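Each chain gets a letter, A, B, C and D, in the order it is written, and its residues are counted from 1.
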Amino acid sequence: MALTKEQIAQRIARELRDGYYVNLGIGIPTLVANYIPKGINVVLQSENGLLGMGPFPFEGNEDPDLINAGKQTITTVPGSAFFDSALSFGMIRAGKVDLTVLGAMEVSEEGDIANWKIPGKMVKGMGGAMDLVASARNIIVAMVHSNPKGESKLLPKCTLPLTGLRCVKKIVSDLAVLDVTDQGFRLLERAPGVSVDEIRQKTAGKLIIEGEIPEMVF
Amino acid sequence: MALTKEQIAQRIARELRDGYYVNLGIGIPTLVANYIPKGINVVLQSENGLLGMGPFPFEGNEDPDLINAGKQTITTVPGSAFFDSALSFGMIRAGKVDLTVLGAMEVSEEGDIANWKIPGKMVKGMGGAMDLVASARNIIVAMVHSNPKGESKLLPKCTLPLTGLRCVKKIVSDLAVLDVTDQGFRLLERAPGVSVDEIRQKTAGKLIIEGEIPEMVF
Amino acid sequence: MNKVVSHAAEAIHDIRDGATIMLGGFGLCGIPENCITALVSKGVKNLTCISNNAGVDDFGIGLMLQQKQVRKMISSYVGENAEFERQLLSGELEVELIPQGTLATRCLAAGYGMPAVFTPAGVGTEVAIGKETRNFNGKDYLMEMAFDADYAIVKAWKGDTEGNLVYRETARNFNPLMAMAGKITIAEVEELVPAGELDPDHIHTPGIYVHRIFQGKDYEKRIEQRTVRKA
Amino acid sequence: MNKVVSHAAEAIHDIRDGATIMLGGFGLCGIPENCITALVSKGVKNLTCISNNAGVDDFGIGLMLQQKQVRKMISSYVGENAEFERQLLSGELEVELIPQGTLATRCLAAGYGMPAVFTPAGVGTEVAIGKETRNFNGKDYLMEMAFDADYAIVKAWKGDTEGNLVYRETARNFNPLMAMAGKITIAEVEELVPAGELDPDHIHTPGIYVHRIFQGKDYEKRIEQRTVRKA
């Protein structure tokens, strides 16, 4: 069984370490905040200018001055700090954010990522994605392994316009967990009930399979 | 009669315009604050991180956290703001400070300035002087026309290590007010009782004298 | 010298057709609502607008787009605006997309008098086309130029008569950066106080960067994505 | 993860001989007094210190100079220190003089992940020797590199357990810049409060930049130039 979005988020949450500063992109990455393991304290960064992002407000407590990078109303946790957008991307560029989680349309076996533009469609802009992928020390991509037509999104080379070069370190897809290495995608774990063969079939880029590949447990 | 230090400061103060942001260097420039013309409001910048510097505190009110660039205890005026040293030099570099007044050991007819280092003597450092002279839009130098040996300090070329190139716009010395132009020092005013001849004699750099040169009035 | 003007129309009175204007805000958060309304009323045209987003159809910069006042938009994300899309596809509107951090840093560079800055954002992408790439310590960076804008229009929470500004929460975003970057900077504030009322340790934008200031009115502060959790 | 340590000795425990250390402060204003005392007690040697000034003979970095702990000083102004002069003339101490704004901006660059910045300070002077000069819009600038320091040691007025810092008056100076620039940043504060007590709109240094924090004690806050006016 392929992982649900929630399970992808849950699996990514296991990568969190105590004391991490984390930037979570829009979509599946946002869900990671719901699965932070007990005993682990992470601080969420929102690139519009906040460290210490909390959950959505209770109804009636929405504050128009307090939003996240997805323009959603949010709250803060104790010990939060506000700052301007230059400092926000400055701390990202300086490698102070320990982990960035974001979605992708395509990832190449060299770690290139495409997630901002589809030729022929209205281009909305890259927002902070190019800054994040070029600057973050550690990037995990949350994505589905294949597009609706069944074509692999883990490719030898990206076909879509790039967001960044050689920056993705790890992928958690609906089928597998993979590291991006100098030799290609290294398969680390597979979704419950998903065979190595299926992953091999659905990964167009170079795939490294060594030894027994454990099944994820939820 | 050559001007006193106070008169040099007083003459420079006449260059102030309402709304100016002004950085005053150590020494004679500091005295300019005592002669701000009535009806004119200027804001003093101290490059260690303050806009809105006030006078020295009354005895007993000294605050060790509140000093100027000369490390003297000071006060603030209403509407002041504190900031870090990068923003302080940022606003100088961006041309937001309207006028910088500083001292000099030598000025060349092209507007070069030397005021930080004497070969053979212990070098204390340039502090913010190089940033100020390279960045300020409008620099007035307060200086004495000749050194104690009677040698001119307004030269064709500086002999001391430079602080900055082609940056001085105006000089108020103990003998004269001069603009630094593409053609050299242009004599604008002379100190009371000081002859044009004396100024000519004591100015080693190219001196432009056109028409009647008025005497300063105090 | 008095920086205080009485209302938005006075603050923007000298903005002419063809001007380059920075507008603070992220999404609809912290946008200069009063000045946008005044710009629409004034009908000034052919503007180049530098702003992280382009508003929505009926709010923010979207109101200026409706009146076809904008010739070129320089933004990082312009997704929430159907009229924007129509004008873009019809060729009436030009758009230059810039990574968000690059947009912020090019404002910072202008405010700090730095002609150019280096950022890795966009290396190897179409954003890098025509730009100098330079390697430092084994990593590639693009050289990006400081912005050069005629006006910056920002929104702060509080301001004083010296032009000092304080922002609230994430409504800060691009506002202090653009305030530093404009040749003429106009600030609208929710509350204008006499000089001396703001704590000098808490100023986000020192008044030296602000040329005109006024107390705005009737702030709508529209919420773009209202998200809540169950009690 | 707990950033709070109990005292200066614990905060600096892993600083080794030969380390590069940034120390905040301007003159004797806003200097990390507790950490300096701890560095003297520890006796760590052969340090490269980046600090705007070098203290006075018997206070601030001067205390470290007395113990001959500093191999190289990177500063903008070092004038108030006779022992400094003696070591410099005898060749025991190396000094690199940097314009004050360049010093500040090279810290900023490190904190913002910018490998290099451009400044006109020092163009045409001996400071420019060996540096790339580049013309933008008719004006020459030097390319100056971001600092790369093992530790930054700063002093703030208040701090919280998340490492957020607030400075007071002109004791801010280089402290927030160096706090951003260190690979490991140590902050000593006059008052350490629980997370949530500082207003998030008033934070000068977000905690992400701070690795260790403690409440200092016995601050002397010596005044270098006591100037007063008559009542």
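Convention: a residue touches a chain if its C-beta (ideal position, glycine included) is under 8 Å from a C-beta of that chain, and two chains touch if they have at least 3 such contacts.
Every value quoted in this text rests on a predicted model; they were computed, and no experiment measured them.
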Enumerate, in label order, the chains that touch chain B and chain D alike.
-> C
Look at all chain centres (mean of CA atoms) and spot the one farthest from the centre of chain D.
-> A
Whole-Å gap between the CA centroids of chain A and chain C | 29
Chain A and chain B, separation of their C-alpha mean positions in angstrom | 56
Taking each chain's centre as the mean position of its Cα atoms, how many Å separate chain B from chain C?
-> 36
What positions in chain A touch 2 or more of the other chains?
-> 76, 82-83, 86, 89-90, 92-93, 135
Junction residues of chain D, two or more chains touched | 105, 108, 112-114, 119, 167-169, 172, 200-201
Can you list every touching chain pair?
-> A-C, A-D, B-C, B-D, C-D
Sites on chain C touched by chain B in the complex | 1, 110-114, 160-162, 164, 180, 194-196, 200-201, 203, 206-209
In their shared complex, chain A is touched by residues of chain C numbered 26-30, 52, 75-79, 85, 88-89, 97, 99-105, 107-108, 119-127, 157, 167-177, 204, 221-231
Tell me, which parts of chain C touch chain D in their complex?
-> 105, 108, 112-119, 136-137, 139, 141, 166-169, 172, 200-202
In the complex, chain B touches chain C at residues 18-19, 21, 41, 43, 45, 51-52, 76, 78-83, 86-87, 89-97, 135
Can you name the residues of chain A that touch chain C in the complex?
-> 46-50, 55-59, 61-68, 70-74, 76, 82-86, 88-90, 92-93, 112, 122-131, 134-135, 161-165
